[in-house]
Every structure is written in C-alpha cells, then in structure tokens.
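Next come two complexes, and both contain subunit A; in the first it sits with subunit B, in the second with subunit C.
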Partner chain A sequence: MDPQFSFLTVLESIDYDGTEDAVAVALKEKVLPILQANATAITSSSEGSLNVNITGASAESSRSGSKDGGKEGSAGGSRDTEKTLLPKYVIAKKHQDDILTQTDPARVSALWILALTAKFGNQTADISEFFSNVNRLLDNISGAQAKLVPEHYRALLYMIVGASDAIENPNLLLRPLLNAALSFSPSHDMLSPAHALFLIQALKAKQYKLALQLLKYDVDKFDSAYGLTYQDHLRFHYYGAMVFIGMKQYEKAIEYLSIVLCAPGFPCSMVQIEALKKTILLQLILYGKHALRLPRMANDFTSHSYRAFARPYDHFAVAFENGDPTVLKLVWNQINNIFSADGNYGLALHSLTAFRKQRIQKLRKTFITVPMEYIESKDIDILENGPSTKGFVLAMIEDGDLRAKISQKSSTSPIIVVFQDGSVTSSHLDELEAKLDSVRLLNEKIAIADREVGQSREYLSRKLQSASAPGGFLSRGGGLEDLEGYDDSMMEL
Partner chain B sequence: MSLETHVNSKLVDSLPLFELESHIQNYTGRNAIDRLLFIADRCAPLAKDALTLAIGSLKQTADVNRYEDAVERLHEIAPHDPRATIDTVWVDEVSKATRSTGDKLELELKSYKNNLIKESIRMGNSELGDFYFSIGDLSSASKFYSRQREYCTTHKHIEDMSMDMIRVAVYQQNWSQVETAMSRIDALPSKNSDIEPYLKAVRGLWSLAQSNFALAASTFLNVPVESLTHFAPKSRQKVTYTITEFVTVNDVAVIIGLCSLASYSRNALKDLLDNNANFKEILESEAHIRTLLDSFVLFDYKSIFSTLEKHKTDYMLDIWLADHVEKMFDRIRENCYIQYVRGYKRGYLDKMAARFGVSQDDVEKDLIALIESDKIPVRLDLENKYFLFKSADERADVYDHVMSIANTFERNGRLLLVNIGVLRGGLEINAKPESSGFELKKKALM
Partner chain C sequence: MAFFPPIDSLSQSLSLSDLEPLESLAQCVPIDDANVSRYYSLFIYCLIINDDIEEARFLLKRASTRTISADSAEVTDTIAPLSTARRILTSLWTKNYVEFFSTVEAALHSVPLESPEANLLRTLADHVREANYKFVSRAFLSGALSDIAVYFGISEIDAKEFLVQKGWSVTDELTVKAPAISKEPTKAAAQQKARFDSLTSLITHMQRA
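Let's look at the complex of A and B:
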C-alpha cells in the first residue's frame, strides 16, 4: 500500500468534531505509529535537523534521543519509552509539504509541529515561509496535541525565538507565542514551554501590557513530562516579575520573585540570586525596609547562599533603612556600578526617589501642618538632579502619594503643607470584599491540591510504609497492587 | 564624637555645692580614696585639695603604687607643695613589710597545699586575696579569692567567697564578674539574709552602670534605709560588707530621685512619694531631691530644670552618677514632655515653652525628636503652633489589619500551591552534574 495514501486516509478518518483531547488520543493511536514506522529511514537526517542551536533544552532532547536509539523497536504503551522515541517521529520529506499545504493546523497541530521542525530545522531554510507557517500554526494550535510531541514543540519554540532574534524583531511572533502559551491548557494555569519564551520576547519588545494577558493567569500546574525543567519555572516567574516591574506593579513583582526564591530543591540557582537582588530593591521601594523576610518556605541552604551573593544589596538596604541621606549617598557612590552591572540600575534609581518620598511621607506622622520651608530643610535629593522640594511635594500630592493640600494665606506668606486624614471609604470596603473573595477561592484550590496530594502514589506509598511498621495491619505492597504504575498525571493526557 | 571630646565633656570646671573635706568624710577606705582621685581627675579647681586629701589617706594604707601616682599628679599641678615629694622612707618601710607578709602567706599556702588540707588551702587563698586587696592589687586579689572555689566545702564558704569577689569586682566596676558571683549566691539553697540589702544595692549600681534607670530606681527602693545608715552586721572579723562602703544614704536618695524622674510616670512617682515609707525615710537626707519630685508631681517643670542645673556639678563628681548625668537629664526632660503632653487634647507651644522655661523653638525641636522616635503620640501644627493628641482611627486600623492578614494568607497560599505543583511536576531544582543550578548565566537571563 502506498504509505502516503494510507497516511492521509488515516488523517481524514479521524473525527475532528470531538473534544480536543479525543482528537489528540486518536492522533496518538492512529497517526503517530505510521510516522514511527516510516521514521527509521530518515533517522540520520532527523538527528541533524533537530539540533537547533539555541540552548541546552533542545540539545538535551537530541542527546537523549541518540542515547536511547537502540530501544527503538520496543515501542510500548508506557510513557517513558514513548518519550524517548518521540524525536524519531520525523516526517519524511514528501509528507512535510502535504501536511503544511493540505491540512488544517488547528486539527493536526502535532503533525504541523513535527513537519515544521523537520522542514525548517536547518539553517538554510526560507525564513519568511517559516514565519508564515508558524503564524498559522500558533494562531490555531491545540494544546492537547502539542503535549503529544513535547520535545518537538519545545524545539520549534526555540527555533521561533532564534529566528526572531536573528532578524532582531521580537515583536514579530509575539502574539502567536502568547496564543501558544495560553492554549496549552484550557484553564491557562499550566506552565508550557512557551511561557518563559513569550515573556522574554515581550520584555525585549517592551510589550508589557501584552505580557499581562498571560500573567493575569496564575500558574500552579507543572509537569516535567512536557519537556519542562526547573529553569522554565524559575525563568517564567522571574521574567513575569520583570514585566510587573515594567508596569510598576511592585507588589505583584515581589510575589512572583518570592515564588522564585522559594522554589524547592537544591542548590540555589543564579536566577534565584538575581531574584533576591530585585526583591531587596523592591521591598525598599514599597516598604522602606528590607528585613530579608524570605518566606518560610525558602530553605536554609538557599537563603544562606543568597546572602553571600547579594551582599552589596544588603549594605544598600541597611543604609536605606537607617534613613540618613548622607550615608545612603556614600553607599550609593560605592556600589551604583554594581547595580548597573546587574541590570538593576533603573530599579535602584527608583528606590532613591522612593527614599525621598518616604522621608516626606513620614512627616505626616509628626505634623498636621508644616511649612514648606521645614520640608526643604529636611529634604535631600541624593542624586541632585530631581525636581526641587516644592515641585517634588506637589508631584507627590498630584500622584496621590501624599494626602495633603498646599495652603498659603497670602501671596507673601509662607507656603504651608496641610496633611489630611484618610478614612475608610466605600471603595476600601469593596477592595476588602474582593480580597476576601480571592482568599476564599485560593482556599478552595489549596483544599483540592491537598486532596490530590493525599491521593498521589508517592504519598500513599509513604503512608503505606509507615502503616507496615510493626503493629500496622497492612503489609508492604499488600492491597495496593492495583496502583502500581499508576501516575495521576497520565490522566491529563 | 572623638574620644577626647568625649572625655572633655565629662570634665567640670565649676565648684560643686558640697565642701570637699566634709563631703569625703561620709566615705571610708578605698571608696573615699577612689572618690578623691576621681574628683581630682574631673574637676581642676578641686584637684589640688582632692589629691592632698588622697595622699593623706593613702599613707594610712599599704597601697604604695597609688600613693606614688597621687604624689606625681600633685607634683604636676603644685610642684612646690611639701606633700608633692615622695616619702621614700615610708615607701621603703611599707614595701618591705608587704613583701615579707606576702612571702610569708605564699609560703604558708604552699605548705597547706603539700598537706592537702582543703580548709587550710581555702583560708590561705582567702588571706592572700585580702592581702592583695589591702595593698591595692585588685586583680591579684580577685584571682586568689576565686581560687578558693574548689576548696569550698560548705554553702557558707561559697557565700563568703562570692561576697569577696563581688566587693572587688564592684571596685573594679567589672560587672560581668559581679553577675557571675551573684548567680552563684542565688544558686545556693539558703543564704544569709543579712547580705540581701548589700546585694540589692550592688545590683542597683550595676543597673545604673547599664543606664537602666527604671531598674536602678526600683532596685534601690528595695534597699532598707537601716542598712544605709547603720553598718551591717559583721559577717567575718576582718571585713564588713556594708553598702556604705560604696554609697551613702544621700547618694541613694539622689540615684533613686534622678532615676525615677527619668523613667517613672507622674502617677507612679506620686504613689511612691505617698506610700513608700522606706523611700520617704531615704529622702529625708536629701531635701533637694524631695523638692524635685514634688515639682514633677505638681507639673512645675521649670523649677525641675533649674534645680537639676544647680546640682549638676555635684552629680558630675559622683563616681557612680558621673557618666550618666547627660543621658539622665535628657531622659528627665523627655519624661517631663511626655507627662505634660499626656494631659492635653490640644496644647499650644508658647504655653508649653513658658512652662518649661525654654524657647518655643527648643520645644518644637524636642517635640519633633520625641514624635519621630515614637515616644509621644501627638502631631504638630507648625502653622498655628499647637500640638494635637493622635486619636486612633480604629476603623482604619481594623481595615489595615484585615487587609494585611488577607494579603499574607494569599501570598503564602499561592506559594504553597505553586510549590506543590512544582514538586508534583518534578520541577524542583536539582544539581545534576550536566546541568547544575548555576549554569544559568547572566547572558541567558537578560
């Protein structure tokens, strides 16, 4: 039988009107075995084409591919063997164009991913054709199918980033990347290989608002089966924090950074150290102090390494908290080159403005009314290039940073700043109501996670071990053979 | 502040209210000499008189070193004074005598040690301690006293040894050693109640040395007046443990007075004046302290400051108070402000300035400093020159509190969820040799 005929016939035989998952299962069962059967012939060429020269992620996938090449024939239903075989689903040249010209990317996204990685994997490919195809694919991609071919999907994403970097236009495929990240799971709460890449490109393009479209969904589901590593997780949250910094949403940025800081595992990653540096500056900007209040979940080892790496930031924080402008200026002069070397100069400059603001804001605790003259005598602009005290105070009042009014009895009398008392208004209460709702929601999610963990294999087997201790009524392994090989994350496929 | 100016700020160039000779008669022994030398150090106008008296007293002791020092110092300021030359005959005589006594005692101790008689060894060490104390070598005295320890066989021995050590340590102002010895006594199952007042007074001096004025006041308040006016019962033949060795009842009155002014609220002080019989009796010896406290109770702040100023030189020349006077005065002024402000919902600065006998600008400056250090709950209106008591906005406080709890919960909950997800997904950081956690270099990040 003509392999091409059977291949396209099989493709047409699938019922594309079913659910996304049903289509993915059909593809997995009917189409991929055919590709796999045809793949042996082109193994050698596929190896080369997959070596997308960008980062370790794709290199790793090709490495594991070659290492396990010998097991190729023994394709079983279990996920582990499937995973090592996936790089072999490389479509023969004659199928590539068929797929790209005759099929709908929305229906057979997995095949498109395979075809694209095979066709454009080498350096000489036509970049404009690549972009138009990738655009078509990513605009319509099915997340469930992308999960079928995680290594290829990941490789394709890196190819996209590499190509946009090559033409120095991060904007070009930003929206398709966003779509790719969003389509990975219907509730948008699962980390995909596209997440961190999209954020890098968005940061490069300074498209913070677009980035927020992804960041408005909190990510709390992860699965290494989709070719993800801890670096994807750390980078996603780190870049997410950078986006929030760009949007001046500092609270949210700190939240994302603390996720990075508390990432479980060992030892500590460079990303975490960079995260700590930013956290210190952000805490100074927001609260005027940095007590290195690492959340409880950060483990001891990492918090120790943090301190060693971020020492200059600690010095700066101590001077900042001390509140003496001359000391802060001294420290600033010593270490501002470290800030710029770390790419934190902008944030550090911002913290100096925050320092000036906080000193003025503090006056409201002491005074009801205070002459502008007095503020001028206390106000110190560390870099000596900001607005005058009067201008600064007016801007603060204007921006809502200072609840006060300026009063002057006559044009010649001194200018007085009158602080106003705040009180709880209805908008505050709405805010409170919204906050309580979100806490309630979170509580439910935690309860669900708790239940799931309670049912997971690791947890149960540990429970079982403790139950099999002397006096326990269950012997080890007794009664739970059914669960052997059970992995709840498989249910999601 | 450099060290030099720091020392200079403690020097006094005016004369105190007391007359030196009669003042020093209140004290005996080493303390009297210490005080004289201290006054000679701090107060130039009195230096000559103080040194002359000190030399006279030193000649009654066997403390040759300090005698020679004192004479040298006198020689510097009054070279022609007949007492400014060293009495070599006396020095030789005393040195010889002390050397032979010392040798004899050491020899005795050695023979006790050879005979391994515990009690004799203890006594030998104790006698050597006393001997070194008498010739002014405090560190050797302390060394020998502490060597008794392993030879103590009864609680009484431990108590005696600790008391000796406390005494020497107080002279040396070595408070950590005082602490050790005190805790040793505290650990004894029973102790001689006679030494209680003495220990309390030492504890009071110690609190004062740490500038803990409130504790110093309350500790001294518990020292019964009898122990300050009479010599305590002799616990041993040779040494008497008396508080009066260090402080007289007048000193205690001043210490309690100033410390309580610096740290007590008006009501607490009023209660003290009305109800504490012991304190009333102590106060009888120092009329000006009684007046000070009365002024405080009557809100007469102006007279407090003038009285304090008048007696400042006296305080500056007291060996225990000297180093704390400035700080105490600051705290007393703060305390007065706090007591004054407490009574007002709204008060005007000009009235306040008049009450305190200072300029309005000073009041303003002091109040700002106090508000900024969270000591006074008021806010200032510098336009209309008044202060307003801060009224707590409970609604806003509750709102802030609830919000902060909710935020913390949300943050921690999110972290928890993410970390559960990460662990279940197998994305924890790991240090595989081929991909260590540190491989992410800056370049990859930016």
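Let's look at the complex of A and C:
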C-alpha cells in the first residue's frame, strides 16, 4: 500500500469531534508514526535536513537545551543563526498544501505545524502566504497538539519572529503569538516556547499593555519535554520585568528580576547580570537603597560574579544612599555613559528623579508644615533641567507621591506646604483584598507542589539516602511510618 | 495593498473599541495616507480621555517614524494632526497646562466644527478640566487665583466664577480658599472602617494559622 495513501486514510478516520486531548492522542498514535517513517526514509536517503533561519534574541537559546556554561552575550542581543532541524516527522510535499487548504488548524494543529515548517523553512517563500497561514494556525492552535511536535513548534515560532523582524513589523503577528502562548495550557501557568518570544516581540513593538495580558498569569510550571530550556525561563522573566518597568510597575518588575537572579546556574548568565543591574536601580527608585545581598535563594557562589560585573551600579547606589547630591552628581558624570551603554539610561534618570522626591518626602518625618522656601533650600535637581521646586512639589502631589496641601493666604504671603497623614481609601482595601486572594491561591499551589515534590522519586531517594546515614531515622529502627505526618509538617509555613 | 477606511466614515462619537482594531492596518498602509495621521491623533485623544496616557505614549512610539515625518511635512492650512496630538500629549505628560489648553484651542479652530477631531478635543478639554479640579481640591487649601486658573485653561475671571460656584471663597486679593470639608462620619466611611476591621482580623488569623 502507498504509504501516502495510508496517511490520508488514517487522517480521515480520526474522530475530530472528541475532546482536544483525545484528538491529540489519536494523532499521536495513528498519524505521527507514519510521518516518522517518512522522516526516517528521507534521513536515510540523505535528502538533507531542514534548515531554519533563526534571528533575534531567540537565537541564543537554540544553541543548546542545557544550562548555559558561560557568558552568552548581552541579553536581548540579536544574532543570525542557522539551526539545523532534523525533522522527526515529514509530510510529503504534495500533502503540505492539502493540509493547509483543506483542513481545520484547530483540529490538526500538529499537522499544520509540520506542514508550515516544511513548506516555508527551506526557501524564500511568499512571506504574505506564510503570515496568512500562520495567523490562521495561531488563532486556532491546539496546545495539546503543539506539545506533540515540540521541536517543530519551536522552529515555527522562530520562523515567525524572523519573518516579522525581516519586514520590521514586530506587531504583525503579536496577537496570534499571545494566543499561542495562552493556549499551551488551560490554566495558563505553564511556560511554553512562545512565552519569551512573544514578550520580546511585544517589547520591540512597544505593546506593553498587550504583554500584560500574558503576564497577569503566574507561570510556575516548566517541562523540558516540550523543548523548553533554562534560557526560556530566564528570558521570560527578564523580558517580563522589562514590560513591568515600561508600565512603571516597579515592584512587580523586581519580583520577576529576583526570579532570574535566584535561578540556579554556574557560572552566572549575562541575563542574570543585566537583571541585577536593573534590580539595583529599581531598588533605589522604590526604597532609596539597594540590598547588599542578593535574594536569599540566590547562589552565594555566583553572587560574587554578579557584583564584579555590576560594580559601577553598586558605586552609584552607595552615592545615592549617602544622600550627598554633590557626590552623586560626580558619580553620575563619571558613569552615566555606562548606563547608556547598558540600555539603562532611562531607568537611571528615573532614579535621579526619585532621589529628588525622596529628599522632599523625608521632610515629612520632621515637619507638619514647611515653607516652600525651605523646601527650595533642600531641593536638589541633579541634572538641573527639571521643573522648579514648586512645580515639582505640585507634580508629586498630583501623582500621589506626596500627601500634602498648599496654602497661601495672600499673594504676598509665603507658600506653605502642609503635610497630610495617609488615609485608607476603598481602593487600598480593594488592593488588599486582591492581594489576600492571591496569597490564598498561592498557598494552595504551594501545598499541591509540596505534596508532589514530597512524593517524587528523586526526593524520596535522597531522603532515604540521608536517613540511612548514621544518625538517620532508619538507623533508629524507624520505617516508612515515620514519614507519616512529615508531609504535613512540611506544609507548615 | 491595505485599504484604510476614511476616518469620516467611522462613527462620529469615536471610542477605543472603534479605533483599536485598526492599528495593525495603520501600519501597513502607504505613508502618505492622510487618514493614518488622523487615525493616530484620534486614538491618542481617546486614550487620554480614558486615563491611559501611558498607552498613548507607547502608541505614539509605535506610529511609524515615516508616518510622523510625512505628517509634519504636510503643507496645509490646517495643523498637522499627529504633530498636534504629540504636542497635546507632551504638554499633559509634563503637566504644562498652559501649553495644553492653548494647543487644544488652536486645534479646535483649525478643524471643522462637527468633525471627529473637534468632538474629541472638546471632550478631552472637559475631561482634563474635571480631573484638574479634583486635583486642585486635593492639593490646595488656599492659593493665588492666577496659579489655580492655569489648571482650567480659562481666564482668572472665569476661574473665579467657576470656583465660587463650587463653594470656594475668593478674597479681594484674588486668593481662593477651599471649602471646608465636613468631618462628620459618613455611611461610606463607616462601611470602609468595618471592611478594614474584617481584613485586619483575617490577616491576624492567617498569621496565627
């Protein structure tokens, strides 16, 4: 029997009205083996492999699927790389167009992925035809089926990014990419190959608000079986932090950057060094000081490496914390070119504005009312290009950075600033309720993850190893019953 | 070639839901399409009216640099729409309300009375005045009328009349004084306190658990 004939026959025999997972299983068991046989035949006849042109920051993660073994170059840098994809599954050329024109991508997403990578991967194809087909696929993609062909799916995403960059329009397939990332798992909490790629395209397209639609879900599941790498994890959280910085959600940005800093790895990655630089500036903006130590979960050994690369930032932070504007200005003049070279100039400027604000905010600790003239005597604009003290104070009040009122009894009287106490508003309560809800959900997730880890083979074998060492509970004659209740005690916060 | 719909064919009372879906199309049309400049300017005004000035800034950055150049180079007797929107956005971002109101007034004089631009610009000016009145109420116990009038883009005489209607008092030296705020507990404040108390007890319970 003609293998291709059997492929079509089998394709038609699948019940597409079943659940998404059932269809995926049917494809995996009945169709993919045929395509795998095609691939084996082609590979053995040396017809060549699929060369996928990868451009952009995604290029770095294509080089290896393991943790980086050294510096990789600056995060977000772009580099062209030819990745050789040895196709695991192959659809014959004559069926590629049939798949793309006669089937529903929602039902056979896996085959669409294979057809697209095969048809457009090795040639300078019609780019508008490529985008049109990709748009149809990503708007209707089945996450369960994308997981069946992870390498091809990843290659297709790289092709999309490369093509968007080639026509200098990163906005073009942004919404379909978002849909692809969200459809990977029903609860949207699993990292997919599309997550980091979507974020970097969103950053290029300055679609920060759209990026928040992905970032509103906490991603805490990661499975390397889907072609994901350590770099995907770092990049997703680093680019996510950049989105939050763009939207001025600095606390959330610090949270994402701390995830990058705490990621295990030796030696440290350039992505982590860039994350540290941004973290230092953000801490100055939010808190007026930077943490001398990295987050508790960060690897102590690599923290020394971080510090070596971020020394100018430490230097700037020390001058900032000392509060002497003359010294700060001197340091700024010495190193502002470093901020610019690192792409952190805007953030550094915000830190100088924060320095000015914090000097004024500190007056609240000493005074209830203070003349504007006194504030002018204390106010320092490091770059001497900002608004006047009065304008700056009014702007702080307008933006909610200062709780105060202005009083001037007559046009000849001095302007007095009256500091106000904070009051709890309903928006504060809404925010507090939302935070408590998210903490409750997080506690539940942690409890579930705790049970799963506690029952995993790796954990139990390590515990048994340590227990069988002298002094362990087995040596005391304890058995597995000693583990009862241990799980519960682990769940205590 | 992509076809961008004429702005005047869209709804007279434009909203974000009318404009957002057209952005990807705006990036594909020829740069000399005058509709594109108008589209971006209207989109910016809508975003500001919806208190999304950050997104308005990003939209301006997303607008093709070629579109911005083409807009500025237009030689017409009307003000270039995107450049005007940029000036309005910048003045709001830098809190230069004198510049804001003067630019809006000049733009209103240059567009047809019932055009989408005129409708949105009038709405925008009213929106900013209202927001600024809330700010003035929050920020000033008393102050010079000349300082406060700039927030409304009106003359001192009109500002005096406006504030007096809102309960402010004005001295002979043209200093305004905010109305006294009632310190009696309101029902909303009582509900808020009750809500605050229940959240506090919940947090205490979680700490103990």
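The rule is short, and it goes like this: the second predicted complex is superposed on the first by the 403 of 493 C-alpha atoms of A that agree within 3 Å, B and C clash if a C-alpha of one lies under 4 Å from a C-alpha of the other, contacts with A are read in each partner's own complex, and residues count from 1 in each chain.
Convention: a residue touches a chain if its C-beta (ideal position, glycine included) is under 8 Å from a C-beta of that chain, and two chains touch if they have at least 3 such contacts.
Computed from a predicted structure; not experimentally measured.
Bringing the complexes onto one copy of subunit A puts subunit B beside subunit C with no clash. Using the contact criterion defined above for the overlaid structures, shared-chain residue A:391 touches subunit C, although it does not reach subunit B.
In the superposition on chain A, A:238 contacts subunit B only, with no contact to subunit C.
Legend: residue contacts after superposition of the two complexes on their common chain; A:449 is shown touching subunit B, with no touch to subunit C.
Of the two partner chains, subunit B is the only one that A:229 touches; subunit C does not reach it. Of the two partners subunit B and subunit C, more subunit A residues are in touch with B. Contact with subunit B, but none with subunit C, is seen for A:374 once the two complexes are overlaid on the shared chain.
Applying the stated contact rule after C-alpha superposition, one finds that A:421 touches subunit B and leaves subunit C untouched. In the superposition on chain A, contact of A:436 is made with both subunit B and subunit C. Nearest C-alpha atoms belonging to subunit B and subunit C sit 7 Å apart in the superposition, given in whole angstrom.
Shared contact residues of subunit A, touching subunit B in one structure and subunit C in the other: 407, 418, 424, 432, 436, 439. Interface of subunit A with subunit B (complex): residues 55-56, 60, 191, 218-224, 228-235, 238, 255, 258-259, 262-271, 274, 295-297, 343, 362, 365-371, 374, 407, 416, 418, 421-424, 428, 431-432, 435-436, 438-439, 442-443, 445-446, 449, 452-453, 456, 489. Only residues 169, 171-172, 205-209, 246-248, 387, 391, 394-395, 397-398, 404-412, 415, 418, 424-426, 429, 432-433, 436, 439 of subunit A touch subunit C when the two sit together in their complex.
By the touch criterion given at the top, residues 368, 371-372, 379-384, 388, 393, 395-396, 399, 402-403, 406-407, 409-431, 435-442, 444-446 of subunit B touch subunit A in their complex.
Residue ranges on subunit C touching subunit A, taken from their complex, read 23-24, 27-28, 52, 54-55, 58, 61-62, 95, 135, 138-144, 147, 171, 173-175, 188, 192, 195-196, 199, 202-203, 206.
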